[in-house]
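In the two complexes that follow, chain A is the common piece, with chain B as its partner first and chain C second.
The block that comes next holds the complex of A and B.
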């Protein structure tokens, strides 16, 4: 490697690039890489009732992979992620499409877009918990349905069920789908759509052959947001299922509550691996870097 | 973990710590310095009340900072962060878990003014000379240690206490009599198919498993050697019965925090569930009928106490002893008893309660006037009697104490499976 400066005395371009990247790299190293390494290391440790002993053993993983509960819980986590993804995508895409192509003026587009973000002014725990009195046995939903004569008995499955969990997830995370899709839609050159129409394409054909392919990066970014958020969640599942369903996040939080840090770390490592694999698969479909 | 004899604030204040150390026992200077003392206490929401902190400031002059956490977090902090607190307000079964870690220091009973008046439950384990000791982690079995530096438990009154008992109660099932409409007298009713989709149990493994054991015994399925210390087979069997019930839709939800249990009951989502006494009070204060139902098989009981951090020394430790003596002196006892708990030294609490309150809460007598909570909510009308009756009737019918089992880790894993099932 050459010196810091070349013969004319100027700082070499490569060095400048390194220096420019250094602060960010340092931040990521300290706050992202180091904690993940630590989790990885702790996952091989040993825990007794009230102490954690550094060790190198596979007990935590053995127990994790040896228990049928783990598989069931992972499956449940995937189930939530998939169903929530489908709904947030359908709703998110529709909303973004409406904003981008049906609303004509920029002022209205921005105005309506901000409207979508209003619920985000309150904490997401509050938005979630507010569903509980609404969906309860004697809640607003049930009493309204009864007074309309739609049902005779209150519906129990509205609350403390998978239905409630998914409803809350969709409510919480749809915006994460709307934003990136809306963003990519806004950047579609309108003349492409005109060209397609001139060429005789129907509305559905335009949607399928022009808009969706061009929105892929937005869809993909939204999907990554939603999937990682749902797979990492524990509090929504706990509250909305009345603690009756479990996902991986809850396994981890239970372990932490019971001081089983190594076991929690092992589960976290496996979850991290799983999520990374899912994202890797998603990225095979779209080269986000190229498209952005 | 760092082991140092100088407390955190001692380090900060440097010279002040030295001055305090060298003038120990000189009350005049002590009285001046104590105003600067801040003690950090943490514990479950049960007794970590701001009213207590305010009263400490008034009566003793120093500041008590309080943090309320859930049971699991309390255990976690006591076991892993000894420098984050001065006073731990924990339950006896948690003490069994965390005491051996050496983060708490033994307390000299000769410095406790009302030690001789503490009820027998916390000393030799007996409420009255002829009472039998219940199953589980009875407080007196983890209440004493061998000496100032002991990390063991001894079974006699050694003069060194692990925790100074402060608060305890007998727990049972809470019911909504208006929605059930018939008398409930057995623990087994929790799994009665009549209440399908309307029952709940708490999702705190160490306590939940005991409620389950009470139910299983009541159903006649099994008689445990010790409900507080089950074998692996017993754990499997107990959770299998409850898993079956869960899958059949018996439970509406499980609750983890006090507020959740109140909301489940008050909203009518649940009509029968594990519950804690103040949660019943909270439901009642909303004007909703709710009974803390005494059951044939007896109560599941718990007790809490105050422990001192190992790092606490000098002036702060003196202040902590002062606080403990004040705690047992009656004001807090009265405050807690008017919410339905019991104080470790009931006779001092009597001075801080009206005759009507003492009669209702402690002696199980009919209320002669409206009974209100310390916060002013009416809890009982004239002529009403406390659920379960007097102190002796309730604490004398304890079937088991909250506990930590030898097979705790196995139980916890099985519990996780139950939740995921």
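The block that comes next holds the complex of A and C.
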């Protein structure tokens, strides 16, 4: 009898665990797994000018991989991701370092940190669009530079250019780098810095030998945020480049606008695969599980 | 005898944090090749003093001299001191060897040479087998030895230890303090050790510096500080003492120097409590003036003539064991 009771007890414990996990699993199934499967399925469908036919064909992929546009656009997407990553990392690391190691009191740290998040009280698009009057041909930047005598003619490349796209990306996403790096920096025991100084390390040596290695997980999490956000974006590129540049997101959005869902789905699948590969490569360098 | 004398000296050293004074104008001469303990309750200024010697805290006023030069404005690594931190502060991302060799790497010593030096240090602290492990894979005692090796590899003239044993369990603490003492003798350098445990200080130190309220209350050989406390604070902090107010002033007397006799001898008293402590029995007794004294009686002596609370007894002591207390203590006397 005792054994029987043990068995039911164990079964019940298992059932409870499953039930506890079920709501979240259900949410993920409906809102994450199902849409991805759907996109995967649709990517094999057939599309004509006026109809979409369920099928299992590789036409969409063949077309995608056969077109030089795809490679150019993917390359452009990588270019944005890389440049934006470099800038967000440099700025984000510096800001986090300043907050964590130079601001002495916790009150100021929290205050300045909140200050960094204030731009996030408005929507992405508004923050992005607010650059337009600033950077335009007759915008604030140009008129200021002209009135200071730095330039004679307005600069054309400030707006509707790669410069504008990258500027907006950096503005939008630097905080995603600041937060995780700041988080790991705050966890560094300050006595480690003293121990390093006791061992004769200079400021640069402390940064290189102690702080950066200990911040790696934060850097990696921030990098994943920034790279996935930039690679998946389409609206920033469209607005800030004045529709003159393209990335994969825009390729997909154009297909959708033309009701070419199968083609859009195929591009999306390839993009998803690419992003996953990039993240897999990043994760080979650092074990972020320690941070989670 | 060819070595220069490594005299460490504090000259009118003061540390202020805003308006609070953490260390108030202290002077002390640390004897060369000795084990000194800075002893005091938390917030007494002992850690600030140690950190000023190490160079991790600036000196507000005064000078710190080591081997004849003022080191108070030099960076930590240029002082000839090395510090062992309270929680050891080992670099979690570096192996034991790399932790120990850290200062050599900073100096630009090449890999093979610094590995060899680190090996020597690990041999000294008996941790050869752990050379490739990460700090997280070591026990508390092993981590402490790594910290020790890392501090000693810089060949300091003075090793500064900030509550080095506080993170260990009591058994390990006693073993490690034996090892620290042995290492100090072998290396022939000065150790300055901050602690709030008087038993630790008594067990380790050649010289004890008792601090309270930002000043040095008493400094001297361990036995002298314990036996002849000069202030009420020292008497109470070192423990094992009674402070009695007699017509001639305030005195400290060791509990084990107080005898319990029949009611017609010595000072009249009521027993208020009995505590069995193994080798001794502590008898709490109240004398006139509402003063409670403790007499530590050897257990066989006590049980030859047991007392119980409420008994009238006489407390006796040899006047030579009374130590007059000065009133300059921060506590009211």
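Methods note: the second predicted complex is superposed on the first by the 274 of 292 C-alpha atoms of A that agree within 3 Å, B and C clash if a C-alpha of one lies under 4 Å from a C-alpha of the other, contacts with A are read in each partner's own complex, and residues count from 1 in each chain.
Here, a contact is a pair of C-beta atoms (placed from the backbone, for glycine too) under 8 Å apart; a residue touches a chain by one contact, two chains touch by 3 or more.
What you see is a predicted model; the values in this text were computed from it and never measured.
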| item | value |
| --- | --- |
| Joint occupancy of chain A by chain B and chain C, clash or fit | fit |
| Chain B versus chain C as contact partner of A:136, first or second or both or neither | first |
| First (chain B), second (chain C), both or neither touched by A:197 | second |
| Contacts of A:254 with chain B and chain C, given as first, second, both or neither | first |
| Comparison of chain B and chain C by chain A residues contacted | B |
| First, second, both or neither for A:205, with chain B first and chain C second | second |
| Chain B versus chain C as contact partner of A:214, first or second or both or neither | second |
| Overlay on chain A, chain C to chain B nearest C-alpha distance, Å | 46 |
| Chain A to chain B touching residues, read off their complex | 49-51, 63, 67, 69, 72-73, 76, 132-133, 136-139, 156, 159-160, 238, 241-246, 250-251, 254-260 |
| Contacting residues of chain C [partner chain A, same complex] | 54-56, 75-78, 82-83, 85-87, 89-93, 102-103, 105-107, 150-151, 154 |
| Sites on chain B touched by chain A in the complex | 72-73, 75-76, 79-80, 97-98, 100-101, 197, 200, 203, 205, 246, 251-256, 263, 267-269, 404, 408-409, 412-413, 416-417, 419-421 |
| Residue ranges of chain A in contact with chain C within the complex | 189, 191-192, 194-202, 205, 209-210, 213-214 |
